[in-house]
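Letters A, B, C and D mark the chains as written, and numbering starts fresh at 1 in each.
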Amino acid sequence: MRTETIVLNRKRNVTLTAYLQEVGGEFWYISRRPAILILPGGGYQMCSDREADPVAFPYLKAGYQVFILRYSVKQDAVWPNPLQDYEQAMALIRGNAKKWTLYPDKVAVIGFSAGGHLACAAATLSENRPNAAILGYAVAGSDVRGCLPSAPDTVAAVDERTCPCFLFATRTDGVVPIDNSIRFMEALAKHDISFESHIYSYGPHGFSTCDLSVQHPSTEISARVPHWVEDSIGWLGEVFGILSDDGMSEPICGHYVNGNHEPYLSLDCTVGRILCVPAGRKLSEGILDGLLRGGTDGADGADGNGAPSADPMMELGKKLTMREVLSYLGADAETAERIREQLERIPNRPMEV
Amino acid sequence: MRTETIVLNRKRNVTLTAYLQEVGGEFWYISRRPAILILPGGGYQMCSDREADPVAFPYLKAGYQVFILRYSVKQDAVWPNPLQDYEQAMALIRGNAKKWTLYPDKVAVIGFSAGGHLACAAATLSENRPNAAILGYAVAGSDVRGCLPSAPDTVAAVDERTCPCFLFATRTDGVVPIDNSIRFMEALAKHDISFESHIYSYGPHGFSTCDLSVQHPSTEISARVPHWVEDSIGWLGEVFGILSDDGMSEPICGHYVNGNHEPYLSLDCTVGRILCVPAGRKLSEGILDGLLRGGTDGADGADGNGAPSADPMMELGKKLTMREVLSYLGADAETAERIREQLERIPNRPMEV
Amino acid sequence: MRTETIVLNRKRNVTLTAYLQEVGGEFWYISRRPAILILPGGGYQMCSDREADPVAFPYLKAGYQVFILRYSVKQDAVWPNPLQDYEQAMALIRGNAKKWTLYPDKVAVIGFSAGGHLACAAATLSENRPNAAILGYAVAGSDVRGCLPSAPDTVAAVDERTCPCFLFATRTDGVVPIDNSIRFMEALAKHDISFESHIYSYGPHGFSTCDLSVQHPSTEISARVPHWVEDSIGWLGEVFGILSDDGMSEPICGHYVNGNHEPYLSLDCTVGRILCVPAGRKLSEGILDGLLRGGTDGADGADGNGAPSADPMMELGKKLTMREVLSYLGADAETAERIREQLERIPNRPMEV
Amino acid sequence: MRTETIVLNRKRNVTLTAYLQEVGGEFWYISRRPAILILPGGGYQMCSDREADPVAFPYLKAGYQVFILRYSVKQDAVWPNPLQDYEQAMALIRGNAKKWTLYPDKVAVIGFSAGGHLACAAATLSENRPNAAILGYAVAGSDVRGCLPSAPDTVAAVDERTCPCFLFATRTDGVVPIDNSIRFMEALAKHDISFESHIYSYGPHGFSTCDLSVQHPSTEISARVPHWVEDSIGWLGEVFGILSDDGMSEPICGHYVNGNHEPYLSLDCTVGRILCVPAGRKLSEGILDGLLRGGTDGADGADGNGAPSADPMMELGKKLTMREVLSYLGADAETAERIREQLERIPNRPMEV
C-alpha cells in the first residue's frame, strides 16, 4: 500500500490523504478498484482522527482505494469553503483515476456528523456528485446551523441527481436529533432514490466504527451498532457491483427504485407517473379497469363487505409500478408484454406530477 | 413444549395458538418468560402460514412464550373486528399470565404487512397496548385502505402511550410503499417514543424470516434482510430486560428517549420542553445564557467568522436534553447538580408545546 | 405445525417426539423437507430438556422436520439399549418419510455430551446410518466409560460408511476433555470423511444453544459459541443441498474429500492411493517424473539450496489428489485429460494401503 | 497512521513494514496498543502480497499496531534463516515498544501456509516467543519438507512455553493436508495450552481474508470462512484483554487450561497431575474415595446395572481438574476449601507424569 498526503489548500489547511492498494500481479483479476472518500466529523471545528484512519481500514480490507479529506474548519469553515474542498478532492480523485487505479464512476463518499452534513451536501449540491453516499449520524437538516450558521439545509436540496445513500444513526443521539436522518430518508423516498437505513435503539453521538479502539468499552451503546460497517460494504457491493474479472460485476441496485426517471415510459414506472402522461393514462386506464372488473379473485373481492374496492386500491396502486400492479392483478404474460411494448413508445413527459 | 389452540370467535373463525415452554426444573432460573403475539399478514384476506409458525420458532429459541392470532379476514375483516380479535387475545394472554408462566408486562406483538397494520393499531389504538411492537413491512398509513377500506391510518394515531417499536422493510417493496415505515418513524420521533428501524436496500414484499423455507432461493433480496430476526431479539432484550435469576434484568431502553413525559422536570427533559414551562424557562435561561457567554471554548467560538453563534445553537439545543446541553457546554458537576435539584421541584406543566 | 409423541419402548420409557411442518400450499416449492433427530445429553442418566426443545427450534426455523428421541437412561442404559432406541427411531422416521413429508436420505442426527456419544455411535456403528451428524461436546472416545462402562469407544469405530460430521466444543470443557473431539476428527480425516469443526476458546460443558434461556447470563463462555447453531445449519445446506423447486438442490460437500472410495481411479484420487494400485503406479510415475524433471519452475526450483527436491515433495504429494498435483506442477489441460481417461479405466484395487 | 519500512537483512532481502497508529489525544484512553506481526505465505518461494496488507487492515481496525515481515525465501530460505528473520523482527518490535507505543507482552504473530509454518516455529522453537499465534492453513508438520526440506516439524516441537494459538483451515485444502492442523491441536491439548480452532467444510488453500479483493468471486469456498477474521480478533481480546483506561483489561483466557504448570498444586490441577505428586496422591485419594463411596447420587449410581462404577470414572477424572471433580461429586464449599488449602502447600513436583 502506498500512502500519500496532498495539500489542497495551504491557507485553509486542507489536505487529502490517499491509501492506495496495488492492482494486477497476485491481484490478477483486479485492474482498478472502487474508491471511497472519508469526511470526518467535528462540528466544523475540527476533523476528528477517530473518524479518519479507523474508518479507512474496513474499506481497505474490502478492496477500496481510500481517501481522507481534512476540510476547512473553524474560521475557515464559512460556507461554501468545505464544499469547495470536497469539489476539489473529488475532481482530483476522478482526474487521477488511471494513475491511482480506481474506477472514476465508483467513488463513494462517507461522512460523519458535520462531515455527514458535508457528505449530504456533496450528494445534493455539488458539481462533482459522488456515486454513493454513506451518512453517519449526519446533520442533514437545518440543525447544522447550530454548529455552522452559514451552512445549507441539505434535506431541502435532495433532487433527482442525488446518489444512492446508506444512512445510520442511533435513536438516542444527544447531539444530532434523529429527525435529521428521518427527514433525509423521506426526501430520498420522494425522489425515488435508492437507499438503505439503520437506526439503532440507543447509543451516543460520534461512535465512528464502534470498535474498542475508538469507543471506550464502558460506552452505553447497542451491540448491533458495529454492524453498520459490514452492512455498508455489502450495500456498496450492490450499488457498485463487486470486483470481478472484467472490471466490476453489474450493480444489483440502481439509482432509482422505479423507471419514472427514464426518457420513455415502461413497466417499471409507477402507475401514478403513467397516469400523468396523457398517452399513458389512456393506455393504462382501459387495461386496469378491465383487470379490476374481471379480477381473478372475484369470489373474495367483489362483494363489498370489507373487501377492497377499486378506489382506495387505485390510490395505493399509484405508488406501485405497473409491473407490480399487473402481477398483483394476475395479468398474464401476453397482456404484460403487450402493455410493455405500448408503454415504451410513449415519451415520459408528464402534464402534471 | 405444550401446544394449545383456543377458538376466540367461532363465527369469524378466529383462533389463538399457544406454544408454551417449560419453566423451573432444568430451567432453574426461569420462573416465567416474556411473550410475543404474532399477527400474520395477508391483506386482510387471509392469515399467511408463512408468517405464522416460521416466525414463532426464533422467539421460542430465544426463550419466549409464543402466540399466533389468526384474526378476522375477508368479509369478517370489517373494522374494528380485527382489532377486537387482538384485544381479546391480548386480554386472554395477560389474564392467563400465571397459568402460562409469562410476564404480563413483557408481551410484545409482531405483525407483517396487513398484520403489521393490526400491530400498529394495537400499539396506537387498542385498550390492551402491547409492551413492544415489531412491525414488518407494515401498512402503517392510509395505504391500508387499498386492502381494507374501513381500516384506520395508524400513523395519525401514534400517541404518548404508543409502545417502543422495531420496524423493518425493504426499500423496493412493491406492495407497501416505504413511506409507511418512514412516516410511522416520524410520528414515533415526534412523540419521543423509543424505536429501532432497518430499511434494507432491496427485496420483495412478504419475505417473512427470509429463511430458505419461506423464501425461494432464487428470490432477489439483500443478503442483510435475514438479520432483522436476531436484531429484533436483541432489541427486545433491551426493552424488556433479559432472563435472569430474579425475574428479568432491568431494561436498557425506556419507553421514551427523554424525560418530557414525567410529572416533574429533570435534566433528561429537552431544553425545548423546559422552556415551555414558565418556571423552567426562568431557571434555564439565566444559566444557559451564562454558559453560552462564558463558553469554555472562547478562543475558537467567539469571533463570529463561521463559528456557532447562540441563536441557531439555541434552536438545535431545544431538541436536546438539558443534560446533553450542559455536557456540551462544559458545565461542571456542581452546576449540573444545582440545576437538577431545582428542575425536579418544577411540575411538568407547559404553557404551550 | 403438528406435534406427535410416539412411545417406542414403554418398559424403558423411550419416546420419539415429532415436530412436523406443513408442505405445499403457501410453501409451494416444498413437497418434502430434510429432517433432524435430536439426542439430548445427560450422562446416560437423563435426557436433558435443555438439549431437546431449545435445539429443535432453530432447525424448525431452517425448514426441517424435527424429532427428539428420549432414549434409555439410568439402569436401562446398558449398551446397546440406547443404540437400539436410535435404530428404532431412525427406521421409523425413514419408514414414514412419505407420511411425514421428509426426504429419507436427508436425515441428520444431532447429539450432545452422552447424546453426542450416541450420535457418534449412530454414525459409526448403526445399521441405520444418519446422512449427517452434528456432535456437540460429544463423548466420542473411551471416556464414555466414566458414565456408562458398557458403552463403546466410537473413535475406534469410524469407518468408510461414517457420514459427514460437524463437531463443536469448548476448549476448557471440564466434563468431556477436548481430546474426544480431536481424536474423532483425526479418525474422520484418516478415512477421508468430510467434516467441519469449531473448538471455541472457553466455556463450560453443556451449553446447548447458548441462548439466554438455556444458559444463565452470568456464564463465563466465549461470545462466539452461539455461532455453532447457524453454522451447523449452513453446513447441513452444503451436505444436503437446500430446499428448491424440484426436491433439493445438489449438495456442495460430498461424503468424502477425494475419489479414493470409488470403484475406479480418477483425478480425484490421492496420488498415494493411485500408487497403491499397480496399474495406477505405472501410469502416474512416468508422468509425475516427467513433470518434476521438466518443471515449469526450473529457475527457482532446481538448484538445490533450500528449494524443494522431488523426494519430500513426493511424500506430501501422496496426500494430495492427482488433480491438485497436476495443477500444482503446471500440467496443461491436454495432459490432465489424457491422464484422467487412463485412470478411469483402472479398477480401484490396491495392493497395499 | 505512520508507515515505515525497515530493512532487516539487505542480502537476503528481508524487510519489516510497520503500520503505526496514534495514541492519546482523541484516543484519550489509549496510551499503548497491542501488536501483531504478519508472516505471509508462499511456500518459502515468495511472500504473498495477498497475505500481507489485506491481513493488516482488520487488525488495524481493531486497534493494533501492525507489522509485516517479508522473510528469506527461495535460495535464502535455508533453515534457520526464516526463523532468524523472525527473531530479529520480534526483538526489534519489543525493543521499540515505547517508541512505537505498543505493549511488548501483547504481541501476536499470524502466519499463513508456509508463513504459518514460520509462525508455528516462532511459537515453539524461537527465543522470542510471541504472546499468541494465529495459524492459517499452516504447514505445521513434516509436510513442510515438501516445500523446504531443511525446515523442522513444529508439531514435535510444541512445549509448555508454546503460546495460546488460534487455528483455521478448510477441510478440503488441496495443498496442506488438514492433518497439519489436527496434529498441532493435539500437541497443544497434550501440553494444556489454550487454543481455538475452526476447520471449515470446504475451500481451496490460500484464501487469506477471503474478501472479494483477495479471493475471486467464483471461488468455491464455504460462506463461513470469512468469519475467522472477526473470530480471531475476538479471541485475541480474550487472550490479551481489551483496550481500557489503565492499559488493557485482564485477559479472560490464560496460557494453560489448568493449574498443572504452577509451582504449587491447586484445585485447578488435574486429578491425574495431583496423583503424580506423592503428597497430592495421599491427600486426594482419601477424599475422593470418601466422596465416591458416599456419593450424593447413590440411588441411581450404586447398583451396577450400567451405572458408572468408580474405575472408569477415575480414568476420566484424571483428565479433569480437582475443582471440576469436586463440583461433579457434589462436594460442599467447606470440603473444597479445606482441600484447596492443603493442596496449595504441596510443591508441584511429580514422581512420574
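As a working rule, contacts are C-beta pairs under 8 Å (C-beta built on N, C-alpha and C of every residue); 3 or more make two chains touch, one makes a residue touch a chain.
None of these values were measured; they are calculated from a predicted model.
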Quiz prompt | Chains in simultaneous contact with chain B and chain C | solution = none
Exercise. List the centre-to-centre spacing of chain C and chain D in whole Å, with centres computed as mean CA coordinates.
Key: 26
Quiz prompt | Euclidean distance of C-alpha centroids - chain A vs chain C, Å | solution = 44
Quiz item: Which chain D residues sit where two or more other chains touch them?
Solution: none
Practice problem: Classify the chain contact graph as line, ring, star, complete or other. | Solution: ring
Quiz item: What residues on chain A touch chain B, complex-wise?
Solution: 43-45, 74-79, 142-143, 145-150, 171-172, 174-175, 177-179, 182-183, 185-186, 189, 194-202, 220, 222-224, 227, 231, 234-235, 238-239, 252-253, 257, 297, 300-301, 303, 305-309, 311-313, 315-317, 319-321, 323-324, 328
Self-check item: Contacting residues of chain B [partner chain C, same complex]
Solution: 1, 3, 21-22, 25-27, 29-30, 33, 48-50, 53-54, 57-58, 60-63, 209, 211-214, 216-217, 237, 242-245, 249
